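Next come two complexes, and both contain chain A; in the first it sits with chain B, in the second with chain C.
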Partner chain A sequence: MTTSPAPAAPNLRALQPGELARALAGKGLWIDLGAATVRVRSDSAVFAAQLGTVYGELPLADQGVWADTHIDIRRATGLRRWVRPQVVLWCDGQQPFEPFPADSPLPLFEWGCNWQIAHRLNDLLLLHAGAVERDGLALLLPAMPGSGKSTLTAALSQRGWRLLSDEFGAFDPQAGVFRAMLKPIALKNQSIEVIRAFAPQARFGPEFPKTRKGRVAHLAATADAVRRRHEPARPGAIVLPKWEAGSATRWEPLAEHVAFPALAFNAFNYTVLGEAGFRAAVHLMRVCPAWQLVYSDLDDALATIAATWPAVVQRHAEALR
Partner chain B sequence: MNTRPPPSPSAAPPAWAAWLTALREPEVVLRWSLGDWQRIVRLGRRLRLLARLAARLQADGLLDQVPAPAQRHLVSELRLSGWRTTVMVRALERVAEQLQGADHPLVLLKGGAYIGQGLPIAAGRLPSDIDILVPQAALAGALSRLQAAGWVGAELDAHDQHYYEAWSHEVPPMHHPVHAVELDLHHNILPPVARTHVDAGLLLARLQPSSWPVWQVLHPVDQVLHSAAHLFLDSDLTDRVRDLVDLDGLMRHFGRPCADPAFWAELPRRARELGLAEPLALASHFTTRWLGTPIPLAVQAVIAMQGPSKARRAWLLPLLAAALTPTEPDAMPSRRQDLAALALLARYHRQRLPLRWLVPHLWHKMQTRNRVTHHGRDDGR
Partner chain C sequence: MTAPYARVDGALVEPAGHLWVAYSPATGETALLNDESAAILEILEAGPASTAQVCALLSADSGMALAELTPVVEASWSKLLDAGLVRAGRRAEPAKIAG
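For the complex of A and B:
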């Protein structure tokens, strides 16, 4: 459950400079991602500026009763305040990760936040998958290394598909629906230019040239995705993307014995959920048609998905009847 | 001889510890506000006590009455606990097959033993290692059988290898590609060169069966004493309230009216015999005050009598209390806690090792840590 912000609260993007920094330095900021709320505090003005760029569409919530995880981003003390300065992540009175350079608090926050979510929310089956919604149905893009999952998720989110999450296919087994875990999409290396060219209107945070995962920039969720982050989505379809330089688009039905491990064994907490996780994954396999998509051209890949979608919608409508 | 204070009926626990009442009187949670829950979910998870609370609420049918935002975290921790316990039990069953037929006892310690006896404190645990005790003479044999079955020790440098061989009561922790749990093979419950030396033969002389035919467990009294010795002589005390909760649970269970009537009288006698009078006195002090453990007053008196002197209590108890008191979720550890932790760390090392070995050991650790830190900074972001 999440704290609902007052309807009149301004978006973070509309705040005066310094206002966000003041909230972060005070009681903190409650960031409602849909399926979870993060309370974040910080004494770093650099962080406040970076945070505002990628969570800009979120309403300001500078007090709250409940958060599912609490993260403080603090400037390091002592020598590390001045010499190659660092920022440190604190959570519940502990410092679980190594510090980051002081100019990169946003990647530290994003990474730490994802780690906390992946380890704490075992009420949900957390698939490692991009998830977008259309017609009330979720399209899942399970991740394989180098699959281009984030690129495809980002592209879909800029062309009429509502972003649920780039990282977490958050399935609520009790309700049988996916929930949004609406964090900015972390794009790496050449994907950044690909999406900038594909969607010039897209809002990006600053670029971080030298993180552990290479060059990273974060794509902000659209205003519509933020506004609708509490709308669930029923399981729709599974698409296993595979980016191959120069390849023509290939769209092939995926056998269950390939789709199931891609979905389940990739999940963050499939084993922790035990029987509940197995049942949920089997259910998803039963109700969702699955395809493999090999692509190099984004427009063509999106057109291919769009061409198949009406059949997916119809299949689910018939199942409901 | 110093004068000892008369044991007083347990005073109210410190304010921070009031929520621990819910572990034995779960209906108190019905009075908690969402703000109370927020603090307890955060603190309880860090202290590895949240799943215990959840298990107790589930057993009493109260889980559904917890406010939804907190309830999901209790469910989440229960699942984690269920999985960790399953992993542990599976590994224990495999290890039993690998070691069975040995001509020596195989003893489960701590978490594994609690599960093997079906104790109330086995519910909602997050076990992360298997602790096994074998006679010292059987150690090498057990080790090679485990290695043949795929258990591998951590890579150690020559210094650490020598440390374990010469000074430790266990072999280096072992891992297995299939089992996501660490295995610690012991031949004693404390290091053999520690100031407090325990004769492992005395422990092995009165073992009890567990629900697994291959595994035995320590005598109930020895289980309490081991837990106390481990906490107060062999641990960093930061965030170790769960060990007090274990001690409380062990004493409540083994000392309950329908159990062995000799338990309470035996506890201080055995502590003297094993040389563990001080850790028992400390355990008694903190469990009665913080958790209301029902140790009979006469037994408390004997335990206190044979425990540390008044002068020693005067400096030791405040240090231990400061180190055991958890930092609140939104706070940084206080200077007072840092100092207490430092002082106790000095005491800890002093108790484990003779000085002629301690100084070179700490010097080596410091250098190793510096190397690691440099690596971390150069490689990572």
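For the complex of A and C:
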């Protein structure tokens, strides 16, 4: 006797108007990011609409057995329901952030979600890095704000590299692999126009002109990245990006004593992990060749990475023999 | 003669390019070390040692003059103590370099 497979859940993008809002207002939505699951509930129809634009490729999951964090996005009560209305993020009965304007629940959710992940997922070493995959290997882009990390990660994700995360290089020290933490890429200010021009097919959420970090828009992960979000990636290479207006592309090998601090001292939970974090960072420093990339031209930057990548793949293939 | 110093149990040291990275289980912190500090920690792996003992071993190993080594080693103690990589140790038999 054969049985038909259970029908796949529809993607959020395919839902009827109001369906996502009803799920959020009920038991909530389980958002499976790959390495973590976030359960979110909300009474904000604005939030439902915004969420659907950037998580649209995810399947609808309105029940689940486990979530790493539970977040509520609620419309503010009292007078704030009417005068300059706001939304509030609740987590574990606490309100860790100031309220946001009611028309901007998505940035509040994204930042709150990142904050929760950074504080909770201590079975992983959470590098502050963009991470993309090709040939089964992760390319890490650790960097400080303003370095062009998100812009470069976004560009790579639109040109054949699978996005693992823009914010978290989520390394599983037990398995020795990176895991996806697949959230939309938060692009800021002129990076929004840069990526819109670079990848006209890219899906963006709404633009938020006046956040604390300036103008922000979220780039949705591609359908392929969402579908493959449970595929791990072995450590591949490290590239420290630095965007400099008008600069020619420079590509220089990075010594281990520069790569190590860029990984470890920039990580969200390195000190929490103690010895395990140290050993993981040393391992990554050992197995990943590293470069500094100074760039202003995205096409040229991507071509430079692509030109080096076959040697990275070969190095890792030889190490496996 | 200075009091001997001991390497903190469980301290880890790994080469990293031109420097060394060291993890202290006492503080939970990681420090970047130069060659001199890493060499001192390697000597202390054999047991607690004073400045004079460390300098004697380093001199024998590297050929550098004791007068040149002593201020370097003396200056290293406070940094290694702050980093949680060494502690004031028991007086002990002179340490020997293994191998």
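The working rule: the second predicted complex is superposed on the first by the 314 of 321 C-alpha atoms of A that agree within 3 Å, B and C clash if a C-alpha of one lies under 4 Å from a C-alpha of the other, contacts with A are read in each partner's own complex, and residues count from 1 in each chain.
The working rule: a residue touches a chain if its C-beta (ideal position, glycine included) is under 8 Å from a C-beta of that chain, and two chains touch if they have at least 3 such contacts.
What you see is a predicted model, and the numbers here were worked out from it, not measured in a lab.
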Clash-or-fit label for the pair chain B, chain C on chain A: fit
Which of chain B and chain C A:274 touches, first, second, both or neither: both
Partner chain in contact with A:98 - chain B first, chain C second, else both or neither: first
Chain A residues touched by each partner, larger count belonging to chain B or chain C: B
Partner chain in contact with A:321 - chain B first, chain C second, else both or neither: neither
Vertex chain A angle, Cα centres of chain C and chain B, expressed to the nearest 10 degrees: 60
Which of chain B and chain C A:282 touches, first, second, both or neither: second
First, second, both or neither for A:211, with chain B first and chain C second: first
Chain B and chain C, minimum CA distance [Å, superposed model]: 6
Chain C-contacting residues of chain A that also contact chain B: 271, 274
Chain B - residues contacting chain A, complex: 34-35, 38, 42-43, 45-46, 68-70, 72-73, 75-77, 79-80, 82-83, 86, 326-333, 376, 380-381
Of all residues in chain C, those that touch chain A in their complex: 10, 12, 14-19, 21, 23, 25, 28-30, 32
Interfacial residue positions of chain A with respect to chain B in the complex: 1-2, 65-68, 70, 90, 92-94, 98, 100-101, 104, 107, 120-123, 210-212, 271-274, 276
Residue numbers on chain A that touch chain C, as the complex places them: 255-261, 264-265, 270-271, 274-275, 278-279, 281-282, 285
